[in-house]
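Just below sit the structures, each encoded as structure tokens.
Note that chain A is present in both complexes that follow, paired respectively with chain B and with chain C.
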Partner chain A sequence: MDKIQSLYEALAKVEGFIYPNEIALNWDMLIVMYPYVTGLVAGAFILASLNRVFDIKALRPTYEISLLTALSFMLIATMPLISHLGQPMRFYEMLITPHLTSAMAIFGFVYLWYLMVVLLLEIWFDYRYDMVIWSREKTGIMRHVYRALTLWVSDTTPKSRKTDEKIGYFITVVGIPSAFLLHGYVGFIFGSIKANPWWSTVMMPVIFLFSAMVSGIALVMFIYMVVTWLRKQKIEMIVLDSIAKYLFYILIIDFSLESLDQVHRIYVADESFDILKILVHGKLFFSFFIMQIGIGTIIPLLTLGFLQFKKPNDKIRKAIYLILSICVLTGIFFMRWNVVIGGQLFSKSFYGFTSYKVSLIGSTDVLLSLVWFIVPFFILAFLLWLLPPWKKAPAPH
Partner chain B sequence: MPLQVKRLLLVFAVFIGIMLGLKYFLTPDSWREYGPYRGNALKEIVNQVPKFVQMEDCAACHDSIAEIKSQGEHNPLQCEICHGPGYRHIDDETVKMEIPKGNAVCMRCHTKNAASPSGIIKQIDAVEHSEGEDCINCHNPHQPWL
Partner chain C sequence: MAIDKENFSRREFLKHAGSFAGGVVFVSLINPFKFVFATKEPKGTGKWYGVAIDIEKCIGCGSCARACKVENDVINEPFFFRNWVEQYTITNDEQILVSSPNGGIDGFKQPVPEEEIYKTFFVPKMCNHCAKSPCTQVCPVGASFESPEGLALVDITYCIGCGYCVQACPYGCRYIDPTKGTVDKCTLCYHRLQQGLDPACMMACPTGARIYGDLNDKESALYAFIKEHNCAVLKPQLNTSSKLYYNDLSQEVH
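And then the complex of A and B:
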């Protein structure tokens, strides 16, 4: 009878008609964290790449911070997925049994390519000269750490620096489509699930990509301000204004794409439209209209738009930028939430709903999600200590 | 070729070598026997003991109940829907089947639900209908007459 009791408890979460396998959500908050964290990686990296490829001087102080932020988050990008697995110790099987028949199985390739070939290489070439210098300056164990990081190459000739610069530039150029690939791929995972009308749209990879860029840029803006404040240095307003300008542009594109997707849904109004309308106006009202669109998009868009024409004094602007970066980061989190959780709340019969409740106590997914969001900041603190961008030698040109 | 590139290529070669080594030693034996999955998984699934037996197997011993049930509206339902899986009981009759008590089992299907197809399964509001009395006081679950 226990089973029947638990069935009744499960049915209490349900409204209308729903298939039995839809009552409990299979993809919980950890799966919300996965596209969120991956998006931060791709966004931060794209900001760094745009900076380098288009040689935007004002963004130069954020270049290394962006790269190291991308690396910190990339190192734990797989952790939400691994923690979500029923059998976490089997995760390596995906890497040793590669095949091309499932979009999810491609992740091993995409991840390794991006981490090993793009991020690590770009950071390595960018820091190689400095690591050689630091290995000469430091004593004790740090000397050996830096020497090991340079792979025991101590060449600091102008020719070798030029080679670093050239290869680094080439990797950046390859890195932009790679970052697009990484987050486009995450969007594709959802967009390709044709049985789910809330996910199944060809726009999904593009929407994911632009929202990733928005969140990555907001994160770099936030980290730049916090790191500069912690170092007791003056925040350069030209840097913040430039980041804000790019955030504004990308936010416009992101908002337009998402609006286009919604307008298309509303106009086409296929058989799934009624249930999606009830979903958006009911269970997703707070997370969709208030958090994602209101706090995460409209408020930042209007404020950033206003700041393009009229600039209050530095102190106010700093406060505005700090608040806006948090708003955008929150909004994009709720965008991922609305996609991942929203897509599982309605029945594929289109006649009913289930529910998902977040509780801080007794729900491992929420606690683990928090852990996987906080850990990258510690990794970043370590990387900034190991590879301080402010102690780098100026570029050769 | 610049020295740093040579070193990097060496590191990559070592990394790829380690990955290939891991792949060689850790790939499950029957991987790709039929497709991109462990072939042995199929054999393991086939070897699992079925938990549910069939109505005909129940009827082999409980023929009188099967006879009554075959004339009622519950005729198409498998015995194990209410009595639980019978794979142990069929081998050893001392292992008892589940005998549902209370109304919960009945209400799994018969609770009033606006989204359920009406006219196919009879639906009631349990409190209004029987004021908490057990369903089986009036209805024989093997041959419900209403």
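And then the complex of A and C:
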């Protein structure tokens, strides 16, 4: 059996002493993908909400893109989890017989609430009028598709548009705490595990939330640039500069929170400190110091900070933003990696380490994770084709 | 503007939505939604199992781990254990060396020369059957549950194999069985207890280092052992109310 073979390889790499059952690293790359994807959803949505609630004009061209990005990733957000289960066909048990004391059991409900009540409804109200118009303009099957999407409501009076706007605004307001709930909750899944000192911190939900916002904003920035470029349109620099400003602010908060967590650990230095210190300086050195902190945080922070004071020409700024968004997205991926994989590399006996090997060939988790990361981009492409934000009717006044 | 024929109103939509929601509620009534609560406090004065291990008596023969593997069909590979034995060696220069090759099943070798050893001992490990077990607390479907006798058990016909309990156990007592895709752990040989038989590890121990019994029974050997010896549990700071008591437990043991 391949699995057993890989365990023998892991056994040969054990350093110090670990409990025998710990050689198998239970939560693999798929579980890294899970908070990463959920974070992108929450972050993209929060950017859209900021735009709507605070009526930030500069961000307007990204509103629908943010929402559709959030939806694309939300649709597959459970897939890494389900495909990781030992018994994937039993996943529905979590929804019909949830165990009340389990932090994980509530995920299905938080997820459904967010998908059905917040995202789908908000998008529906935002696009309802346009879908009615499109259903009249199109012929053949698309006519019926759009009509079905309007749920056969074909009211196009100015009054109905006003109502759409009002309800949409209300959903956005409900949506912000929902997005906070969604990702803060994912953080709680880890933060509530008292057996694991690397996870068990009350800061975890807050850190997850802010890192989610950082990654979501970076993703929207990236997608806005790519989509506009593909459409051969002009990228509006005021849009990019505004997104970058918010990315900068949230990144500062995120970095401060994570630093606080680390400073607290270092200063308090409880019984787990020695092993965690070896972990961070050893097995996590590359993913923590280089990727998460260096490339994912410090470089973007310094560059964005610099751009707040001095603005080079548009072309250079575009290139900088594109590179920075990829840096931030990579950094947050490694932040999830350091939490999920890092938390399992050291033994709960505090006497040793196991290892985790990433290989594209032979390990289904890595391949599947890639699939679950790529699929949302295809969904997004489809959604942008079906519901093109640039073909929407102008907002009513 | 829309012509009347096409212009379905919101009222119409609400009607449809309402009847759909009504349908969902109706189906839910036929097959009610069940919340599960698998971590119950014990009721009454029935059996309340606990285990004690006398570290002074353990000779590290690994019979307990061997017997457990056979009795419970645990996969015969060095990565899956319901119970195992650890060897602790503390050297004169205060180095702590721990090992558990194949869970101690094949016995132990002492690599440190005798004159360099400050102290050495064996620590048999198994599920702590905590009264406030973090593993059953986190199970999303209640497949991990506490039996009325205070044992943390798993219903493998129901377990979804998410591995959350494996993460939540502070003692490393759970593993995912790759052949079944579900979690596995010590049951204190529940199937044997039900028939009035002793757990396999208790039977196999040649020195009587392992005792189990009913903590509610003031006459039991277990109760007497805990009373007479200075016993401690592993990781008491985690407040799991472990029911695995060790006599002569060194503070180096985690």
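Annotations
The criterion applied here is as follows: the second predicted complex is superposed on the first by the 385 of 397 C-alpha atoms of A that agree within 3 Å, B and C clash if a C-alpha of one lies under 4 Å from a C-alpha of the other, contacts with A are read in each partner's own complex, and residues count from 1 in each chain.
Please note the rule applied: a contact is a pair of C-beta atoms (placed from the backbone, for glycine too) under 8 Å apart; a residue touches a chain by one contact, two chains touch by 3 or more.
What you see is a predicted model; the values in this text were computed from it and never measured.
Because the two structures share chain A, they can be overlaid on it, and in that overlay chain B clashes with chain C.
Looking at the shared chain after the overlay, A:Phe17 reaches both chain B and chain C. With both complexes placed on chain A, chain A has more residues touched by C than by the other of chain B and chain C. By the touch criterion stated above, A:Phe91 is placed in contact with chain C alone, chain B being left untouched.
In the superposition on chain A, A:Met116 makes contact with chain B only, not with chain C. Shared-chain residue A:Ser359: touches no atom of chain B or chain C. Legend: residue contacts after superposition of the two complexes on their common chain; A:Arg128 is shown touching chain B, with no touch to chain C.
Contacts of A:His99 after superposition: both chain B and chain C are touched. When the two complexes are overlaid on their common chain A, residue A:Lys194 makes contact with chain C while staying clear of chain B.
In the superposition on chain A, contact of A:Val153 is made with both chain B and chain C.
Applying the stated contact rule after C-alpha superposition, one finds that A:Ile167 touches chain B and leaves chain C untouched.
Chain A residues 1, 4, 7, 16-17, 93, 96-97, 99, 101-102, 105, 151-153, 155, 160, 163, 351-352 lie at the interface with chain B in one structure and with chain C in the other.
Note for the complex: chain A touches chain C at residues 1, 3-4, 7, 11, 16-24, 26-27, 81, 84-88, 90-91, 93-94, 96-105, 107, 132, 151-157, 160, 163, 189, 192-196, 343-344, 347-352.
On the side of chain A, the complex with chain B involves touching residues 1, 4-5, 7-8, 16-17, 92-93, 95-97, 99, 101-102, 105, 116, 121, 124-125, 128, 151-153, 155, 160, 163-164, 167, 351-352. Put simply, chain C touches chain A in their complex at residues 1-2, 6-10, 12-13, 16, 33-39, 77-81, 84, 86, 96-100, 102-103, 125, 134, 137-143, 158-164, 166-176, 178, 180-183, 238, 254. In the complex of the two chains, the chain B residues touching chain A come out as 2-5, 7-8, 10-12, 15, 19, 22-23, 26-28, 31, 35-36, 100-102, 104-105, 108, 113-116.
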